[in-house]
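Pasting in a structure now, in structure tokens, and then I'll have a few things to ask.
Naming follows writing order (A, B and C), and every chain is counted from residue 1.
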Amino acid sequence: MPSLPLLLSQAFNGLALGSMLALVSSGLTIILGTLGVLNFAHGALFMLGAYAAYVTLQGSDSFLLALLVGSVFMLLVGVLMERILVRLFYSRPPEDQILVTFGAGIVLVEAVRAIFGGNSQRVPVPSWGEGITQLGFLIYPTYRLELIGIITVTLGVLWVVLYRTSIGLVVRAGIEDAGMVGILGINVRRAFLLVFAIGVVAAGFAGMLYAPIVSVTPDMGGSFLVESFVVIVIGGLGSFPGAVLGGLIAGEIISITSAFDSAYSEVMLYAVMALLLVVRPQGLFGTEGRV
Amino acid sequence: MRRLALLPELALIVALAIMPFVFPYVGGSYDLMERVLDWGLLGLGFDLLFGWTGLLSFGQAAFFGTGGFVAAWLLVNHVIGSVWIALFLGTVAAGLFGLLVGYLAVRRIGIYFAMITLAFGQMAYFLENSPLSAYTGGENGLPGVPVPTIGFGDSAYVIATGLPMYWLLAAFFLAGFIVARRIAHSPFGVVLRAIKENTARAAMIGHAVPQYKLAAFVIAALYAGLAGGLLGVIQSYMPPDAFALDTSAQLVVQTVIGGVGTLIGSTVGAAIWLWLRDNLQMIPQVGALWKLILGVIFVVLVTVLRRGICGEIRYRATRGTRAAAEAAAQADGATRPATELRDVRAMPMPLTAPLIHAAPGLPALRAIDLAKHYGGIRAVDGVSFEVPQNSIHAVIGPNGAGKSTLFKMLLDEVHPTAGEVRLFGQRITGMGATRTAQLGIAKSNQLNQLFMELTVRENLRIAALARRRGSFRVDILRGADSIAEVERQIEAAMTTVELNERAETPVHVLAYGEKRRLEIGIALATGPNVLLLDEPLAGMSPTERISTRALIREIGRSRTLLIVEHDMDAIFDLAERITVLYDGRWLAEGTPEEIQRNQAVQDAYLGGLHEHEPA
Amino acid sequence: MSLLEIEAINSFYGDSHILFDVSLHVEQNEVVALLGRNGAGKTTTLRTIMGVIAPGSGTIRLDGKPIQGRPPYEIARMGMQLVPEERAIFGALTVEENLRLAALTAPSAWPLARIYEAFPRLAERRRSGGRSLSGGEQQMLAIARALIRDARIILLDEPFEGLAPLIVRDLVRVSRELAAQGRTIVVVEQNVVAALSFADRVYVLNNGHVVFEGTPDDLHRDPAVMKAHLGV
């Protein structure tokens, strides 16, 4: 039985990992819910964000600048990807959509490998995140705490956009019935572009934030891709609250299990997913019948 | 019984025979060829799953790795001495794992299925890496896998690396190909294709779709397990990346590039992939870019040339026959009204499997107090009626009356909230549409539910195979057209709906009226005792209506018919009895004359029973 | 020049030929009823006018300008609005959000207060989720969405279907008020009595063909037509 400080520190790690998964999966789930496309390139986009931060930090010391430049870059990538590729596949069967985003992911990963090589790059922790913080009897790296904070704010912004703005209204209605949204005078295709771009930026932003605490390689996105799939299955396909809650749950499952036996940490997550599929396939917030 | 054309098998034998003498000159080594064939073996199973059944799995590595590591572990730890037995056990282990994962995965479709297979693939990878590393060697894998021997004792022939190992792989691949091809062209394979083309219709015709999907999944897992075991033998080492996501991904890319649904496609794709990898890496500038180039090719292929290399070749090769069929369909004109009276006696009728022994007075179909509630909405409420054997019965009612819901409950496509349905006295409520189809009740749909990419004959075969074989049978070794009774039933159904001249035409080419007739033909080809027709005349021109009415009348001579229609002329002409529904409830019933005289029915159609002039 | 002119439209569903050379015209401020049995092509006609289905041939003119083949959002912005048969209320959104969404691209959108004045029932339920509304409330919300856009032409597809008599009476009153306000309405209905109670002119469709055109009185004077195409 692991000690209390270890469990607590793992619980915080779970929050850090979980909030990161929540952000990545939010992007994935709103793309899936609105456009109906399961974006297999999502892990590659996460990786692309990390490299965008790395590149910016070669020329500047400001991590905040890296976040800003990186986000603009990811927005461009999202717009280009939707306009050039994804848009062609809206009326094609889901298998084709999966294959093309999967292929796009491969192209992105290999392009990055060709430019930067396969070695792991280092993104330094920003100066305002260095060191450790005392939380009662627990000592915890400062940056990870700030990470949780930044992502919480980001998810909050995303929530405001979805639930308090007109574009959010269009997205939530479009998830249910894109045709009727068109009849009410709204150009849904343009909304699709925006949704895809938001999803891509979310993935990339998570990658930028996570870069200082993980090794930045072209293949870093692979495991996050699969984990985010598990998260949206747990949370319910197309549900933003589901992605957030599911991400946190997934993060905690992985981290706390590794306190007991690190060999099983990932396996436990998949076991939970398998159980959920049998007992409640629509997930926490998903709608039945969409399965 | 047509013998399966052996051209592909012979061509393969020739190709495999000359390969070792040709390949070294184009930059191939024995090792490369063996790997290509190993990937090809893996791909045969994957193509049956994806190309035939339409299930895109991103987790085949789980079974590839399982087969490989079980076989390797048994051999390296001297539990089993014979490589052949170890390979066999590895394959079985992979099949069992496939049964487990498949059971969870096949209940879901499309997106969910891909995600579940992906997740299980990763799960297997992590299991191999850590918890089970004592068995699997973790990151190091299992070295020291022996090569197989033929014979016993000192005179046993050792299959060494090099040419003998190549022949071993070639032999396994050839055997795998022959079996895969037989599966593809068996009745089992026909059902798999039906599932890919139109899953819902396949289930409604009477095929137990979940079981077929699971069987296809297990078959793919078995192929993967054997390929995994052979990989360990080729390399004398079982690598951990057999379980990696990259392996599953590479399989998908290779198969798409080579051509999904061609069986040989993934072998061609593997040859391209491995050849590029081995040879491009030599070129200084391009070297590291080989995977990027392949990725771009893949994206372009998926977007534009969906058929892949072998698929494209096959498409162009058969272009001649296809163009002929389309021209023939066009030349005859969109509709051919059958205004000539046909000689009824000369027409062979589709066989009705006499599974039900019916006493003369027993109603063919009986609805007892059927109700369907959705939350607070009562779509159907307390509807009862009887349909005598061999009669034509109609159900009419204004929109929202609950007719389509009623029809669905009669087949048990939808379970009633209350009440039951009896087919020849047997309660069928709760059985589901697949089982009721097997018992002899079928429906033709208001919106065509056809297998669009297949020919008319193939469409009818899917239907005719249903009751003849039962809801699930793994008859993978016989020819699809080898059951004489089934072929006769197809001919009879085709003749009844007058589509003989379109037998080999792909359905998407047919005119609308012909598709409508095929829709009825498919229901007829299952040999039902009771046939439900849901708006059979929907969308038809006046001339088409005349011929279809004649068709319905003829079909009604030999079995019980239940029709929903809005074309009142047709209803009053065809029906012996009419049931009127209003607002989900039974309103009236009687002969056509009685219904026409019924004032309540008139009121219901014109303004609702409770309406008088609104204030 | 008619406000809405439909000429020789042929519409398909897949390759099922639903409308055969259908021609209609709708004048400013008129209420035109489209009657016929189920499957006659009434809903297809409305969906073709709104651009949800692109016709195979024929023209549709709004204010003299051709609109066939244009996407629905463009036609909506020209002042036309469809209230579909299934109502298509967004269940995940509240009543108020449904209305705000509808008002987004309408230049002369009504203020919410005015809508709530016209539909007090909706005001009571403004924060309720769409999926918790009763059938009658959903129909009211669907009509309110067209109203908040200040649509000049409202296409009503079976507005009275599946509703209790009292609610139908309410809705007929609402429809009459809309007509009195000077809007142009095309209503598709199977409930002949209710539709005729506020229509100026009537078309009858059967199997995708127009088989009758005239006033409600003309129709009442011709029981053969009623029986052949509408009744049983």
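The criterion applied here is as follows: a residue touches a chain if its C-beta (ideal position, glycine included) is under 8 Å from a C-beta of that chain, and two chains touch if they have at least 3 such contacts.
Source: prediction; values computed, not measured.
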Which of line, ring, star, complete and other names the graph you get from chains that touch? complete
Selected pair, greater C-beta contact count between B-C and A-C: B-C
Whole-angstrom distance, CA centroid of chain A to CA centroid of chain B, is 35
Determine the centre-to-centre distance between chain A and chain C, using the mean Cα coordinates as centres, and give it in whole Å. 43
Whole-angstrom distance, CA centroid of chain B to CA centroid of chain C, is 41
Going by residue number, chain B touches two or more other chains at none
Complex contact set, residues of chain A against chain C: 166, 169-170, 172-173, 175-177, 179-188
Contact residues on chain B for chain A in the complex? 50, 54, 56, 104, 107-112, 114-116, 118-120, 122-123, 126-127, 129-131, 133, 245, 249, 252-253, 256, 288-289, 291-292, 294-296, 298-299, 302-303, 306
Within the complex, which stretch of chain B touches chain C? 376-377, 396, 398-400, 447-448, 511-512, 515, 535, 538-539, 541-542, 566-568, 580, 595-596, 601-602, 605-608, 610-615
Show which residues of chain C lie in contact with chain A when the two form their complex. 50, 52, 71-73, 76-77, 81-82, 84, 88, 90-93, 97, 100-102, 104-106, 145, 149
Mind listing the chain A positions that touch chain B in their complex? 32, 38, 85, 88-89, 93-96, 98-100, 102-104, 106-107, 110-111, 113-114, 222-223, 226, 229-230, 233, 237, 261-264, 266-267, 270-271, 273-274, 277-278, 281, 291
